[in-house]
Each structure stands twice: as structure tokens, then as C-alpha cells.
Amino acid sequence: MATLRPPADPESDLRVRAVFADIRATRGTDFVNNFWRYLAADAGLLESVWAEVKAVMATPSLIDPKVKEMIYAAVSIANACDYCTHSHLAAARARGMTAAEQAEFLRIVATAAKTNALVNAVRPPVDRAFLAEE
Amino acid sequence: MATLRPPADPESDLRVRAVFADIRATRGTDFVNNFWRYLAADAGLLESVWAEVKAVMATPSLIDPKVKEMIYAAVSIANACDYCTHSHLAAARARGMTAAEQAEFLRIVATAAKTNALVNAVRPPVDRAFLAEE
Amino acid sequence: MATLRPPADPESDLRVRAVFADIRATRGTDFVNNFWRYLAADAGLLESVWAEVKAVMATPSLIDPKVKEMIYAAVSIANACDYCTHSHLAAARARGMTAAEQAEFLRIVATAAKTNALVNAVRPPVDRAFLAEE
Amino acid sequence: MATLRPPADPESDLRVRAVFADIRATRGTDFVNNFWRYLAADAGLLESVWAEVKAVMATPSLIDPKVKEMIYAAVSIANACDYCTHSHLAAARARGMTAAEQAEFLRIVATAAKTNALVNAVRPPVDRAFLAEE
Amino acid sequence: MATLRPPADPESDLRVRAVFADIRATRGTDFVNNFWRYLAADAGLLESVWAEVKAVMATPSLIDPKVKEMIYAAVSIANACDYCTHSHLAAARARGMTAAEQAEFLRIVATAAKTNALVNAVRPPVDRAFLAEE
Amino acid sequence: MATLRPPADPESDLRVRAVFADIRATRGTDFVNNFWRYLAADAGLLESVWAEVKAVMATPSLIDPKVKEMIYAAVSIANACDYCTHSHLAAARARGMTAAEQAEFLRIVATAAKTNALVNAVRPPVDRAFLAEE
């Protein structure tokens, strides 16, 4: 059901093998999910996307890994990306998001979508107090 | 430039006055931003939307207020809501988001949008391991 | 601030003049709004888009003209189209939408966006009872 | 295939039972669709979302119930929400939308999406005549 | 799983038969894909949508047919339209898009979505140099 | 009107100066547009986004530079990104897109958005013939 055919034996390509090995090492699991298995059809794209996702999501930084995944999932939900929503909510749970936190997260995302629609309907002018430039 | 005319003197309506007073008390500021000033054209809608936003965003809960605003802003950006993006990034800054955290937030939102597009183009099947139901 | 330059004297083109005349006659007003003035840069596109909009929106049919404009505005809001939102809410008001009806319309659009986000986050299976095919 | 596990026996929770009973009474059917069965994982969210949907969609008001569902479906289609599109088109049919009206509805939604794209590409300035504030 | 029931024997309707015959002749294949088979529930809509798609996509013009399908697919991906993404990437491949070109296409679409998100987050002013009107 | 304050003298930062110099050299113009001037608030993000955009858009490859910009603009229009739409249509014109080609481009984007909406409303099953995997 995909728009490209994933390689039958992706790790026969040494560049793919190296990326998959780094995914496994970074995540501490043998599991490599379908997104990477399909991107493996293009080793260069696989390398650059993994390097970006690793740098942004799997490198210690100011924002907590669980929070990063919740932000990522929020974007994915708004973009109606089915796979991404599953993948990043699962990742948030793996990084410690509890059922109660997921329930709160749902409320935030739902209320945001609601007020986004109200604002896009009413079109109030942006308050000067919000502007970072002044 | 809005699609409805905000009341010239919104607080002459007692229900609006009560909501504005609660907004000021909840936020600890005299400032009431345009979203509420325009919704004041419909006191019932103003009341219900403020009650929801207050419950979700301004009531102590499991998720940190700064993180809540970042999730809200992420949805707003994906929904191309100009006013909401300004409003909730300003709110996140008011709740302590530093410039360095905003920079990280931008990277997460950008990478999420990028992989959302890749997934919506490639359409890989959802891994069984992601499913909450099993 | 547009991405194409509208003709300075659009009605010097006879095809544009004919479309503008039909817009005026159909709507019973001399006013031709900017959407058509900019599309006039391409008379063929102007003709085909006007023919479609006239057939769908300005031809008596089963759905009330006011309701048609509300449906059109709902799509425009969800698509974050600023001009379209203004244009079709103004058209709905011109076809009789009262302030009270616009207030109800806002509630529907807001609640729809909210539950769309909840569903796109939770991803429940479609009930068989909804399917038209069975 | 959902991102949360619905309760196996939702009505063993008294708050869920009360909401389901009200859904059945309000709609005059024993059928409770999956959206509510999955939200039942969080009784508080279930209660607040049902209260909102009931107030907006199932309470007699100025806009006809069938028209409300068509507006709701229009938003759902633009937001690419598969479940919501099925659910609210089914609800519109249950409230009397005929096949001929659904065919008209499709034309409106399609033409709206088309002109939204044209406007978002051309970016004409909003006509002053559209503004509610003046 | 559709929201309308396609006719069991669509070509028993002479108008549908004529459109299907034109689809087959225009494309040089007996295959008529599901989009048209479902639209056949409304012969008038089928006729007008096919006429438009044929004029825009299947009539020799300035833009190469393969490029047209890539542009069409880019819009479909951004709109999270599953069927359309499959359909128009398949059409692009049928018009000569190689696997290497599809890989490049994916990079463009992904980078565009990423910078769209950055811009919708940062909200820089449009440079005067971009404006067509000046 | 942005959500971050661009540096007053961006090129006093040596990393920013190097990126701006590369933008100027790559494009053969002294002009550096606002997107980069605002991203300069975060030199690391500026470097990585420019490296990606340069690799994808400004490096000779299989797809023509003008076509790349048209695909980029198509995504930007669908994502309702005002700045991006202006920027990439201007870039397409700078790479040779004529007014007649822009007019064709508009028709493709408009028809794609229309059929995306029809498909997201009707929800026909994906034809097996489209699937790359079989």
C-alpha cells in the first residue's frame, strides 16, 4: 500500500546497514520501523533524514525527550499523518508519557484545533503585545 | 480586517465583564488580547471557550504550562493560524520558554513537518508495534 | 501583495468584459471583487472558474444559497484561506445569514475542528454502520 | 489500529454509562459509535466532548440539523479526517440529506477547495467591501 | 469504505459510458480507476470533473505531462489525500518519472514542508522583491 | 510581525556571514531574502536549513530548477504559507517560468485541490493497479 517498493534485503546495502545499526544503537532496540525500511529504497535520503531526526530528537538537549515527542505528535495530528501519529505517540509513551499525560495532551491538541478554527474564521488582528520584534 | 465587529464597549455586557475579569485574574495582567475582545460579540461563545481554555491551559495539571503552550503553538503552526502562532509562542515565552528552547522547538516542528510529508508521500504501513490496542 | 499583476484595465479584453458583465448581472451589483480582477490576468481561467462558481453557487438548486455560502466558508476556514473566509462569510450575510446564525456557524466549525483533531489523534476504526456501500 | 485502547466494558464506569445513556436517548438509537467508545478511556474528556457536541449539534437552534451536519462534514473533509467524514455524512443522511443534496454538497466542497487553492496561490488583497468592521 | 455507493453497472448509463470511453481513449488503456467509478454515481459531476481533468492534465500544453503529475502529486501529499497521492504518483511514473526522479521529488516535497513550517512559525515579512505587482 | 527578532547586524556573526556569502554566490545576487535574515537569529539552524535547501534546490540534478520551484510552490500553496508561495513563485519566474506557464501551473494546483476534496469526501478504495509494491 506504499508508493514505493522497499528493498527486500535492505541491509545488503552497506549504507543502509550503517544507518539501521545506528538506529538500533541509538534506540537500544533491534526494532527498525517501517518508515526507515521504506526510505531504505534511497540510501542517501535515508542517511540525511536519519541524521536530522537523530540530531533533533535523539540528542540530549534543553527540551525533554518525552516533550519533544509530544510536540512532534501534535504536528503530525494537525497534518493528518496517520503513520506519524501512531509512531510519535508510541515514542512519547516509550519515553515515559503516561495515559494521564496522553489524555491531557489530547485536550490541548483538541482545544488548539478548535481555537485555530475560531481564529481562522473571525480573523482578529494580532495584538502588538505578542510581537517579538518590538 | 475581521469577519465580525467586536463590541465597542464589551464590558458593558455583564457576562463579558465577568469573563474579562476572570481572564485578568487568571493571568495576573490587565491585558485582554484581541481573540477575547472579538469573541465578546457573542457572550455565550466567549464564556464557553474561555472556560475550556482556562481548564485545559491555566489549571495546574501534569503537563508543565510552558510545555502546554509549546504543544498548542505546534498545532497552530501546522494549521497555518497566524494569530494563534503569535499568541501561543508569546504565551510560551511568558511561561519561561527561552530563546534557545524556542530554537529547539522550531527544529522539532520543522522536522516533524518534513517527515509528515515524506510519510504522506511514501505511505508505509503502520507497524504493529505502535498499536496501543494490542 | 499578490503573486500576479492584475490587468490595469481588465475590461479592455472583451472576454473579461463579458465575464464581469455576467458577474454584475448575476449578483445584481456593480461591484466586482478582487478575486475576479486578479484572475482577469488569464481570461480563459477567469471564464472557466466563473462558469463553475456560477453553476454551483448562483444557480437555483436544492440547497439554499445562504447554506451554500456557509458550507463554502467552512471549507475556506479549514483551509486557512483568509480572502475566501472574508468573501464567503460576506456572501452568506448578503444571502441572509444573521449575526445569530453566524454565531452558531462558528460553534459548529469550532467543534468540528476540535473533534477532527481528537479523531486524527485517537484514530478509531470507522463504524460499519456509517458505510454507504453496505 | 487506534492510539489508545478503548475500555473492554466501558459502561462499568458509571460516568461513561451516563454519557452513553444520554447519547442513546438524544439520538433515539441503541447504537453508540466508536468515537465515543474510544473516548470512554477518559471519562472526563468523554463527558466534556459529548456535552459540547450535544449542545452544538443536537439542541434545537436556528440552523437546521441537516445543514449543521453538512457544515461539520465540510470541515472534516478539508481536514482530511476519514472517520469524521464518514460519521458526519452518515449523520446528514440520517437527518434527511438526499443523494441529490449530497451530490450538490460535493460540488460546493470541491469548488471551494479549488478556489481556496487559487486564492492561496494568487493572494489578492481582501476587498474593503467584505470587512465586517467598517 | 466509501461515503457513496458506486453504481453496480455504471456503463448502463449512456452519459457514464461516454465518459468512460473517453477516459479509455485518452489514456490508451481499458482500465478505469475507482475515482471515476465512484463519481459515476452522479453523471453530471463525472462529466464536468473529467472534462476539467482532461483539459488540464491530458491536453498538450506548455508543461510536460510528467511534470504536471508531479505538481498534482505534490498538492495531494500536502493535502493528505491518500488515494490522490497513489493515483498521481502512479500517473507520473506512467509518464516517465524514474525512481531517481521520484526520489528527488520526495526531497523537494519534504524540504518544502519543512520550510513552510519554519516560515509559518517565524512569520517573516514578505520581501518587496518577490511581489509581482510592483 | 515575526515571532522572533532578527539580528540587527546578522553578518557580525561569522557563521551567518559565511552562509549569506554562500547564498549570494549560489544565486548570483547580493539580495538575501527575509527568511534567511530571520533564521540568522540561530546560526546553527540557518546553516543546516541552507545546506538542505542548497542541496535540494540549487544543485544540478535530474529535475529542472524551474520545475523544482513549481513543485515547491505547489506544496507551499497547499500549506497556506503566504511567504513561501511568494518566494517560490518568484524563484520559479527567476528560473524561467513564463506567465503562460504560471497560468497553467495555477490550473493544475486548482484542479488538484478540487479532486483532493472530492476524494477526501467520497473515499474510494485505492486501486491495486496504483500500488508500487505489487
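Every chain is named by a letter (A, B, C, D, E and F) in the order it is written, and numbering of its residues begins at 1.
Basically, contacts are C-beta pairs under 8 Å (C-beta built on N, C-alpha and C of every residue); 3 or more make two chains touch, one makes a residue touch a chain.
On a predicted model such as this, the values are computed, not experimentally measured, just so you know.
With rounding to the nearest 5, the Cα superposition of subunit B on subunit C corresponds to a rotation angle of 120 degrees. A comparison of the B-F and D-F interfaces places the larger number of contacting C-beta pairs at D-F. Once the centre of each chain is set as its mean CA position, subunit B and subunit D turn out to be 21 Å apart. Distance from the subunit B centre to the subunit E centre is 34 Å, each centre being the mean of its Cα atoms. Multi-chain contact residues of subunit B (touching two or more other chains) are listed as 1-4, 6, 49, 52, 75, 77-82, 85-86, 89-90, 106-107, 109-118, 120-123, 126, 131-132. On the side of subunit B, the complex with subunit F involves touching residues 80, 85-86, 89-90, 99, 102-103, 106-107, 110, 117. The part of subunit F that touches subunit D in the complex is made up of residues 73, 77-78, 80, 82, 85-86, 89, 106, 109-118, 120-123.
By the touch criterion stated above, subunit F contacts subunit A in their complex at residues 1-6, 48, 52, 126, 131-133.
Residue ranges of subunit A in contact with subunit B, taken from their complex: 1-4, 6, 31, 33-35, 37-39, 49, 52-53, 56-57, 61-63, 67-68, 70-72, 74-84, 86-90, 93, 98, 100-101, 104-105, 107-109, 111-116, 118-127, 129-132. Considering their complex, residues 3-4, 41-42, 44-45, 49, 75, 79-81 of subunit F touch subunit B.
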